[in-house]
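Sending over a structure as structure tokens; questions will come in a sec.
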Amino acid sequence: MIRMSRKLSVLFMTFLSIGILSQPALAESSEPVGNLVDISRLTQGLDTVWVLLGAFLVFFMQAGFGMVEAGFIRAKNTCNILTKNFLDFCMASLGFFIIGYALMFGEGNGFAGWSGWCLMGLDPVANGVPLYAFWLFQAAFCGAAATIVAGGMAERMKFPAYLIYSFIISAFIYPIVGHWVWGGGWLAKMNFADFAGSTVVHTVGGVAALIGTCMLKPRVGKYAVDGKANALAGHNIPLASLGVFILWFGWFGFNAGSTLSVDDGSLIGRIAINTNLAAAMGGIAAMVTVWKRFGKPDLSMAMNGALAGLVAVTAPCAYVDPWAAIVIGASAGYIVIRGVEILDKLHIDDPVGAFPVHGMCGIWGTICVGIFGKASLGLANDGFVYSGNPMQLGIQMVGVVGTVAFIVIGMGIVFKLIDMTVGLRVSREEELRGLDIGEHGMEAYGGFQIFSTI
Amino acid sequence: MKLVIAYIQPHKLKDVKQALYKAQVTKMSVTNALGCGEQHGYEESYRGIKVEVNLLKKVRLEIAVNQDYLERTIDAIIEGARTEQIGDGKIFVLDLGECVRIRTGERGHDAIG
Amino acid sequence: MIRMSRKLSVLFMTFLSIGILSQPALAESSEPVGNLVDISRLTQGLDTVWVLLGAFLVFFMQAGFGMVEAGFIRAKNTCNILTKNFLDFCMASLGFFIIGYALMFGEGNGFAGWSGWCLMGLDPVANGVPLYAFWLFQAAFCGAAATIVAGGMAERMKFPAYLIYSFIISAFIYPIVGHWVWGGGWLAKMNFADFAGSTVVHTVGGVAALIGTCMLKPRVGKYAVDGKANALAGHNIPLASLGVFILWFGWFGFNAGSTLSVDDGSLIGRIAINTNLAAAMGGIAAMVTVWKRFGKPDLSMAMNGALAGLVAVTAPCAYVDPWAAIVIGASAGYIVIRGVEILDKLHIDDPVGAFPVHGMCGIWGTICVGIFGKASLGLANDGFVYSGNPMQLGIQMVGVVGTVAFIVIGMGIVFKLIDMTVGLRVSREEELRGLDIGEHGMEAYGGFQIFSTI
Amino acid sequence: MIRMSRKLSVLFMTFLSIGILSQPALAESSEPVGNLVDISRLTQGLDTVWVLLGAFLVFFMQAGFGMVEAGFIRAKNTCNILTKNFLDFCMASLGFFIIGYALMFGEGNGFAGWSGWCLMGLDPVANGVPLYAFWLFQAAFCGAAATIVAGGMAERMKFPAYLIYSFIISAFIYPIVGHWVWGGGWLAKMNFADFAGSTVVHTVGGVAALIGTCMLKPRVGKYAVDGKANALAGHNIPLASLGVFILWFGWFGFNAGSTLSVDDGSLIGRIAINTNLAAAMGGIAAMVTVWKRFGKPDLSMAMNGALAGLVAVTAPCAYVDPWAAIVIGASAGYIVIRGVEILDKLHIDDPVGAFPVHGMCGIWGTICVGIFGKASLGLANDGFVYSGNPMQLGIQMVGVVGTVAFIVIGMGIVFKLIDMTVGLRVSREEELRGLDIGEHGMEAYGGFQIFSTI
Amino acid sequence: MKLVIAYIQPHKLKDVKQALYKAQVTKMSVTNALGCGEQHGYEESYRGIKVEVNLLKKVRLEIAVNQDYLERTIDAIIEGARTEQIGDGKIFVLDLGECVRIRTGERGHDAIG
Amino acid sequence: MKLVIAYIQPHKLKDVKQALYKAQVTKMSVTNALGCGEQHGYEESYRGIKVEVNLLKKVRLEIAVNQDYLERTIDAIIEGARTEQIGDGKIFVLDLGECVRIRTGERGHDAIG
């Protein structure tokens, strides 16, 4: 600012000195120039503040993920999951800086970008905000996608394996899908719409978690010989509940920040209300469902419901009206409960419900764009309920199928390779004693008396 | 000398302690325990999975007393803990061969109190 | 935005090229118009960002309330209070969307509004910001008022009863009082001033909590037969302390966000410093008081003191100078300690001090407007210390009396009806075992060895 | 900023008044004026929002410090550290309001300011933002410096002694150093650069912690008679991990907010990315180091590493490129591990690593400005790697030496006096039983079974 | 009457309980314990300091039985807890002098079950 | 065979363990306990309400030994735990009827060590 207005005044002086009385036009015109410049600078400044606020909030979601995942598992594996959650963000920051950003937003083909390694040689302004601010916002997203997997593979995955995985997903896998949708890739070209990442972030993370948890096999003691499922209850529900609030809080930045610009505020206002209504309805619907099906209002499930609603509304948040957000959230709340049940029936052991929440509801949310989206809100085609035309719906389906296929194959190979090299799963003894001691040589709650009977 | 072990309902500890004080039994040790007995447990459900809980929260008392204090100790515990409902608990009495006060090295009867 | 200003500059270039010297007037005039529009859009954008930031922070206070309430009660009822705290916000979002907003801000009479159900048929801009952003900010306030009650009625209130209560207060009770003060109702018309809600949010919540806790009767074992009070100590002070910090953090949004506009920043700056000073002094005063009266600096009380200071400064934050904020905060810190004592003397069992903090200090803060407020800062009349004129003081009293009376009667009836239908209080057995198991069939700290002797 | 553009418009008026030509000019001219004013108000508004956002985030760091310190010590001293952490912020608010601000930013000499007690008689606008907003931002910094010490002296320092200390440091010690660097003092005059406080906040806090912990002597049982160090393990790692995330989150406000203005966003964008990269690299480097040296990836150390990276990048964040931030963060991550080891060798018992993190890395970060800083980014001289000229490096050294000397002497005297009067350390019995009971008569985890064997 | 005290590996509690049920021993008390025996411990390291941990997590069972139930109780515990690896645990048997059911005041044999 | 039960001050556990190792007593079980004895408690106050706490934190040791190890075990505990201040604790000795090593099924003397 200073520099600018100094330039301005200089300019102004000079033009004063060179006798103004002759050509006033110049004088006045110079003014508007000043204003215009001021205004565009101001606008970019405001947008940057908005994007950075979003980035900070999305970063903070990392804490939310950590607390939810830690709270929902057993005390003896708490340090392990927290270390994973903490380091995958560090890894993501590094990987997305060196390689990821270039693959996602660099000049390239429909499959991947191929320029801007380490952000070098890029225009200092991206999408109307400073490149560095834009990067931070995107990097925080990348971290979120990476950490989702930690929950699904919790309580039995080797720490070194996780480190490798987290670098690969944030440097390669996530950015490629991101390029398809947000980097001008093939999905973007066919008008696939995922406003804030139901597909790019959550489906990617959720499906990766599913693949991983399938390859890891269930935790010791999770399913009895007779096939009956045992509950391996979480050890710290208050922590998990705090985590859910942090996630919800951060999600406002996740969705509303994705506008990348404030404009007159009407769009970010719409996104914020949709985000909130979907989360609230997800929580209510999940509680009602679990209450009816299992006789008790289980908090852990109600919280999963709110997250499900948030995940589902992430893609459509900018394209739908509040009533639609309510429907989307409520349906997601129902889906997640059934999803948890189904996984248990299939003996797929997903300790925190990473796939039902992020995978299933990520897909559902992406599809909802095709159902409830409105062209008047910037979508390519009106959604099914408005147009009766399955056009957009079809496009969304393609996007979902493409992404799921890519992740299943890509992450399948990655996990397989890790398993064959460093190995994915800890020994039975270590698992029984807890990964905190085995992997990190420390305990989460020193001095506390804790039964480790299950 | 006898060692009295009693399992009671946690919320009864206060009453039992008062009853014991009245009976001039002022020394005791308490630990946190889980117990299953006649009292049937309850069902929990976590993320859609039913859990049959039959190990219920109890409090374990350990009291070393001289022979002549035994009966009043038992009576005091019963007085404090009884609700006549299943789950009230149990009292076990063992022979105590020796007792030593660490501070003084005293042994036997004098060491107990 | 970028697009916009690009358009602009293009336009500008052209207009430069087509020799301006010919008809300057036209050219220039068109310019300023463009700027004006830009500026007003920018201003609304900035205000929206501010209001949304406030809304996010106020939403996050929900987590603060949850952690404080959970930390101050016994472990065996933790899931229950967290579920209540979690779901009342969901309920509030729903109730305030369908009914509440219409009653609070709709066109109507002095008692209640009566238009805009489900936000339908409303001007897309409210108070200079997009309607949806404004709604979210208000909905978060509504949630806060609802959740205050959970603490006062903790450890013995039935969960279904709480769900019903929370819908009613957020859909009907709170919005009506809100209409009186902020929706152009009778109190607004008589210049009653409650800048950010000492009355609307905190007095409403605090008094409702008092009514509820009186009707519930004390917790089993709280008062001995000889009338002596027993301490049923909180189970997780670190959690409570975190909660207090989150509340303080969120309160900046609660108070400063209530300006709904940024302008040149001087007002929001004033509110922020007042909020902080009152909280700090509340904490210090409470600690000193409890130290002198009970011999130990009790953290739980010092934290209550900070909250008391925040509650008290909520109404006057925009109308007073920093020195006044210090006085208000300190006095509130003293009041809350004495309040807790008095309730215990009266055998009113308020586990977390919901009434002393929100009720007493809410009332005190509302009155402080009439004492320390300044007309030069936008108040209708100078406060007593400046004018020696009890005018404003009287108005504030009227507002307090009216609100308290309405809540006592309204919530009294609501709780009575709930008690007669689903019942307010759980069985003695369930209370002894803990509501977590009874109501939710789960434990907060699976595996941890916890004495439940009291 | 404000001053500048005000000058501009004034100048503009005058030149208008001295009649340019005549008629049309008047008409148009009124427009630009209006806009200019609008724009400058808007700019100040946006800057205020940014500074307040920063202030809120830095305030929230207080919670982060509390959780980290509490999580890394034993359960029996938790309430004590939390009370210290809670009250030192209250004390800081008070002390920095009455005295501190005047010493730091008042008109005065090179050593200290001497005007504006209780903020009285000051220009309502400071550095282009409202004074009150600016104060809150600075007060939050002051609180951070004060609370750092609590961790280093944890588990054995008397509570009253801590209260006195915290008032003194925030009212006198911190503001004086602050004046040197940010208040136009002697260091500022010689172009010493500490953008966001590696020296002013962290070195001050860290060195004060070192002095304090040296004078307090180690905790009972920390060093065996044979000189072997015992591990007194932290009691709640999840809490500490949450605290680290909160600190990281708040640090974005700490560093980026220190611009005090948004301008076109490019500077705050740069600061944000540097902050994030340094933290991430600090975490990775620390984990690798501890893994190699002790065989296990210790989460508590990895988290210390991230904090170390953040501390180190605080001074240079605005003057360096991302690659430099990576180097700075990584080196800090290594330094902190070795620092913890060295202190243990010297039998200096710093329970949470306050000195290695804030002291050592604060100094390192300050020096890095002289190594990696760029004149093109506003630094007085190019850093060593660019210019091969040790000029700036030398200046930074002087600043470090001056500050360390002042703190060692100043705080040495303060602690000595406190020790001679109220006494610094609690009795052995109290320490064994825990300060929660001894100092506050309460327990942090009522009902939980916790071994206090160490 | 006998009082059986057993220390087992925590994760074996489930199996031991089932084995006991099969043997119609349905009443027991459980506490959380730490034990050191032949099983060597493990090393922790906290902030760069090595910690030799030799007190391992165990579960303590206390079961009062009549003489005729003693052997089957011991057998059941062994059946449930044995893995033939160091750390399996120990069983201790004490003479139980008296047993009282608090709820009814019954004593002796009838009170046990 | 004897079963030695000892209550000691928590912070003395380390010393007691060392003393026991010196006496070649390497096997023991430890539990967390609360105790009230001669040592008077302290007062807490929570939200303005005084609380008289007389159940103090203690650590409970349980050690099964053969007759010939009894005295040295007692001496070792005393050596490690004694501070000659109230609260040092107590040692109780019971007759141990039988001892079984779950891993091998060994019984009696051999099973103890």
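Here the chain labels run A, B, C, D, E and F in written order, and each chain numbers its own residues starting at 1.
FYI, contacts are C-beta pairs under 8 Å (C-beta built on N, C-alpha and C of every residue); 3 or more make two chains touch, one makes a residue touch a chain.
On a predicted model such as this, the values are computed, not experimentally measured, just so you know.
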From chain D, count the fewest steps through touching chains until chain F is reached. 1
Out of D-F, C-F or B-C, find the interface that copies A-B, where copy means more than half of the contact pairs are identical. C-F
Chain A and chain F: spacing of chain centres that average the CA atoms, whole Å: 53
Centroid spacing, where centroids are CA-atom means, of chain A and chain D in whole angstrom: 31
Report the inter-centroid distance (CA atoms only) between chain E and chain F in whole Å. 18
Listed in rising order, chain E residues that touch 2 or more other chains are 31-32, 44-46, 94-95
Each of the following residues of chain C touches two or more other chains, namely 24, 28, 32, 35, 39, 42, 46, 49, 53, 233-234, 236, 242, 295-296, 298, 300, 441-443, 448-454
Chain pairs in touch? A-B, A-C, A-D, A-E, B-C, B-E, B-F, C-D, C-F, D-E, D-F, E-F
Within their complex, chain F touches chain E through residues 3, 26-32, 62, 64, 94-103, 105, 111
What part of chain D is in contact with chain E in the complex they form? 229-231, 233-234, 290, 293-296, 298, 300-301, 337, 340-341, 344, 353, 449
Show me the residue ranges of chain E that touch chain F in the complex, using the header's touch definition. 2, 5-8, 31-38, 55, 58, 60, 74, 77-78, 81-95
Residue numbers on chain D that touch chain A, as the complex places them: 1, 4-5, 7-8, 11-12, 15, 20-21, 25, 28-29, 32, 35-36, 39, 42-43, 46, 49-50, 53, 57, 74-75, 233-238, 241-242, 244-246, 248-249, 252-253, 256, 261-266, 268-270, 272-273, 276-277, 279-281, 283-284, 287, 295-300, 302-303, 306, 322-323, 326, 448-454
Considering the complex alone, what residue numbers of chain C touch chain B? 221, 432-433, 437, 441-443, 449-454
